[in-house]
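What follows are several structures.
Two complexes, one shared chain (subunit A), two partners (subunit B, subunit C).
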Partner chain A sequence: MSASTIAGFVGSGLVGLGLYALIVNPEPLKKLLAFNLIGSGVFLVFGLVARRGAVGAFLFDPVPQAMVITGIVVAFAASALAVALMLRLADESGCIALDPEGGTRLDDGAEDT
Partner chain B sequence: MTLFDALDLALAAIVLGVAAWTIAAREMFSAVVGYVAYGLLLAIVWVRLYAPDVALTEASIGSGVTGVLLVAASTRLRRLPAPDAPPGAALKIAAALLSVLVTGVLATAVLYLPNPAASLAPEADRHLAATGLGNAVTAVLIAYRSFDTMLEKVVLVLAVVGVWSVAPERFWGGQPAPLGPAAPDAALVFLARILAPIGVVIGVQMFWVGADDPGGAFQGGAILAAMWIIVMMARLTEPPPIGSGWLRLALISGPAVFLLVGVAGPYMAGSFFGYPVGFAKPLILFVEAFMVLSIGVTLPLLVAGPPSREAGQ
Partner chain C sequence: MTAAETTTQGGALLVLAILLPSAGILASFALGSRAAERIALGSAPIALVIALAVLAEVWRAGRPIVYTVAGLSPPLGIALRADGVSAVMLLASALIVPASGLYARAGFASPPGGGESRKAFTFWIMLQGISAALAIVFVSGDLFNLYVALELLTFAAVPLACVEGRAETFAAALRYLLFALFGSIFYLLGAALLYGAFGTLDIALLAERIRPIPAVTAAAALMTAGLLAKTALFPLHLWLPPAHANAPAPASAVLSGLVVKGSFFLTVRLWFYVLPGLPAIGFDAILGALGSAAVVFGSVLALRQPRLKLLVAYSTIAQIGYLFLIFPLGSGLHSWTADGWNGGVMQVLAHAFAKAAMFLAAGLLYESLGHDKIAKFSGAARAMPMTFLTLGLGGLSLMGLPPSGGFAAKWLLLRASIASGQWFWALVLIVGGLLAAGYMYRILAPALTSNAISLKAPPRRAGEAIALTLAVVAVALGFAPESFFQLLDIGRPALMTAGPP
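For the complex of A and B:
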């Protein structure tokens, strides 16, 4: 089995691990981590596609690689936006649940709106 | 089984193991530290896929800058109680089954990818000489798919606008919260003083060699961004007020210069986003230089978050 096929399997495994954590973990920040795991798994599978596109002196197909590079940068930008929304939600609601009504509250909920 | 096969399998096991540990860790801080280690290991996998450009991006942005973002977020969320709604066993089993199914389908797809594989490498190679570049990935980013890359830079600016818009209205135009504690560790201050000047040189170098060798605007810009972040964490400088004119100019300079060169394309080369023959490389480096500046400013602003105090406080 070649190094690139192994990388493809690692990518598949990462998507599964991330998906499980995304569903099971109630903390928003851990959901974000899990989502990034899924993302890097998808990138790895795409990296395998780039490696299989090797022709002649080219050891890889540069087009999928360039798309993965932009993908990593956009994934970071989306994560930063998610973190900003999460922190604001925590500031407003006093807890770190996605659904403030269902989570533990810091105050007694008297100023609930 | 050769030595390299064994090392590849061991690397795969370590990457998956660290990923599993990251999602299993109870403490958010431990999970984030695990995630940073995972990103660095993943960069080695990218090297094994003959993708050094992606490896550099993954190590600097996917692992480094994302790590700082998540550490800062976990520190701010630490004082709050965790939600007390652990999922039931039924949901866990269902999620596990779904995950195994998705992984199985993906792994099968990996085994049955079309043979011979589709590839744009010959096309990329055929026109590489016309761009004057030696690195085909940079050629794809800045020449062949230049419009996509320009729009991706616009997405980064939109993300900054999105992060800023989360701020309470009274702080609009103000400063984001400091990235470090009021009295930062002396070792961190020393590191920031020593590392930042060297890092800036390495970042510019990585952008410059990216024309012919692994590297480029994204990787170089990310290293510049990391240097600014370290200096801000050591409190040697503060996050700038978001109302600052030069800051906003630097932020949009990348996509703006890229767009201007693209719009000038019909007059210079006869097509939208075209480069004139014989003058492609200088123009590409010109566009990339502003992209480096723009990325070096955008990433730290995304890490710093929305303004949380009035300017100068």
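For the complex of A and C:
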């Protein structure tokens, strides 16, 4: 089994693990970690695509590598936004839950200025 | 292999359409919330002129206009392309975003005396963010570029949903963000598979190179599932009602009217522009069936909502369902395809204007009554006739009664479904129209009684005028001339690939 095949299996395994974690965990933070797990799998697949696209003197196709960098930046920004939302949610309600019933029992809160 | 694409006349307009709101965001960050409001509203007429110029140029040229970034042709460079549908969507966005902005001036003003307001700062910057992201979605010609545009759209939409800063809005926004993130990561995985198989993500080049291999089926399934989560198609709609119903009215108008259309637009790009060469594997029937389920499910739930904004949000789920009938009715090379395509695009536009108008009207009702409980509306129409006229005209379009944009859309879809012998979709259209009439009756019937009602505050005249204008546009779309549909045909893939492959 070549290194590429192993990396492919690892990538799809990460995606599968992340998807499983997304479905079974109700906590937003675990869902966010699951998102990052899937992200790692996807970036690994991009790496493989870069390796397979090598032509001539290049060891790697640079285009997928550029895409991975963009993807990582986007995933990082998304995670930061999600964590910020969770912190604000915890500040306002005292708990972090996606359950709408968890939100309705709360008062309207003060206007944020 | 066709010759390398180069920038066409007017191609620079596409860059301007993206640069204008982006420059506005940067300037707003530097200058603060008061300037952000002025920049967001002041740049709106320029954006409108750019959208009109793109439309005029596409119409004049009779084919899509193209801009190759840095003069490099795909696959090395990235192309921006605008066809008839892009131009029309750009125009719709250039009308609805500033309308919501004007409406929002009362609620998102900076405090007098030179102070800063975080709420106002966030709102005006994110509103421009929506304009920028939508412009990229509508004109981008590269699937990876579109991925970034979709993420930008999400990052601008999520803060808008929770700009009020209440706990339930944060929960709703978090749910929205998580759905959107999983949607985009699966889209990205699909894009990786397509790049691995064909070495490009440029839409036009991919369409030439695509062959029916297993990787394409897997990529199509992953990307479509991701986009459906972002478009809130049943059964991936759970995030939409709390996010749209708890957001402030002008934000809901933009989120419901435009933002969900961004990912729908990309689904259309994927299936009609990238994958038309793929033999039918039943995907279009699946999308149509999910859309039909959304129509019935969303409408029935809308009938049961106690609050107006929730009702309007569930109605969005139903109306999104109709959009997906474009896949079974608008694909392939048949005599009815044009009707299906035109009907689908018309539904996008009619719903965008009608739903924006209804959310703004719901916001006015909330301001004047202090609540939006439908059970307590009795007599409200006498006190606020213009607001209820707006709701009624928007509802006219949602139901699909003539004359309105919604009627034109459903008429075209109905014609396509009968001409193609797919009578099942016709049934969905009729049942959906009846259910919409049911939930509109629930709003209007109590309001039109002659009971006296006391208002906390008289409705804002300016806000009423803006909402009514949007509703009138939704109705006026029903009178769209034949040349409007000729415009939609410019760059339509079924026509461009009409020859034998």
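Methods note: the second predicted complex is superposed on the first by the 100 of 113 C-alpha atoms of A that agree within 3 Å, B and C clash if a C-alpha of one lies under 4 Å from a C-alpha of the other, contacts with A are read in each partner's own complex, and residues count from 1 in each chain.
Keep in mind that, in the parts below, contacts are C-beta pairs under 8 Å (C-beta built on N, C-alpha and C of every residue); 3 or more make two chains touch, one makes a residue touch a chain.
Note that the structure is a prediction, hence the values are computed from the model and not measured.
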Requested in this report: Identify the partner contact of A:Tyr20: answer first if only subunit B is touched, second if only subunit C is, both if each is, neither if none is.
Outcome: first
Query raised in the report: Which partner reaches more residues of subunit A, subunit B or subunit C?
Result: B
Requested in this report: Return first, second, both or neither, reflecting whether A:Ser4 touches subunit B, subunit C, both chains, or no partner chain.
Outcome: first
Requested in this report: For A:Lys30, select first, second, both or neither according to whether it touches subunit B, subunit C, the two together, or no partner.
Outcome: first
Query - Touched partner set for A:Ala77, first subunit B, second subunit C, both or neither - result: both
Requested in this report: Go through the superposed model and pick first if A:Leu48 touches only subunit B, second if only subunit C, both, or neither.
Outcome: both
Report summary line: The shared contact residues of subunit A with subunit B and subunit C are 15, 32, 41, 45, 48-49, 52-53, 61, 63, 70, 74-75, 77-78, 81, 85-86, 88, 97-98, 102-104, 106
Query raised in the report: Which subunit A residues qualify as touching subunit C in the complex?
Result: 15, 22, 28, 31-32, 35, 38-39, 41-42, 45-46, 48-49, 52-53, 61, 63-64, 67, 70-71, 74-75, 77-78, 81-82, 85-86, 88-89, 92-93, 97-100, 102-104, 106, 108-109, 111-113
Query - Interfacial residue positions of subunit C with respect to subunit A in the complex - result: 111, 117-119, 144, 148, 151, 154-155, 158, 162, 164-168, 170-175, 177-178, 181-182, 184-186, 188-189, 191-193, 195-196, 199, 242
Requested in this report: Could you please specify the touching residues of subunit A with respect to subunit B in the complex?
Outcome: 1, 3-21, 23-27, 29-30, 32-34, 36-37, 40-41, 43-45, 47-63, 65-66, 68-70, 72-81, 83-88, 90, 94-98, 102-104, 106
Requested in this report: Provide the residue numbers of subunit B that touch subunit A in the complex, in ascending order.
Outcome: 4-5, 8-9, 12, 15-16, 19-20, 22-23, 28, 31-32, 35, 38-39, 42, 45-46, 48-51, 53-54, 57-58, 61-62, 65-66, 69-70, 73-74, 76-77, 80-87, 91-92, 95-96, 98-100, 102-104, 106-107, 109-111, 113, 117-122, 124-125, 136-137, 139-141, 144-145, 148-149, 152, 155-156, 159, 162-163, 166, 216, 218, 295, 298-299, 302-303, 305-306
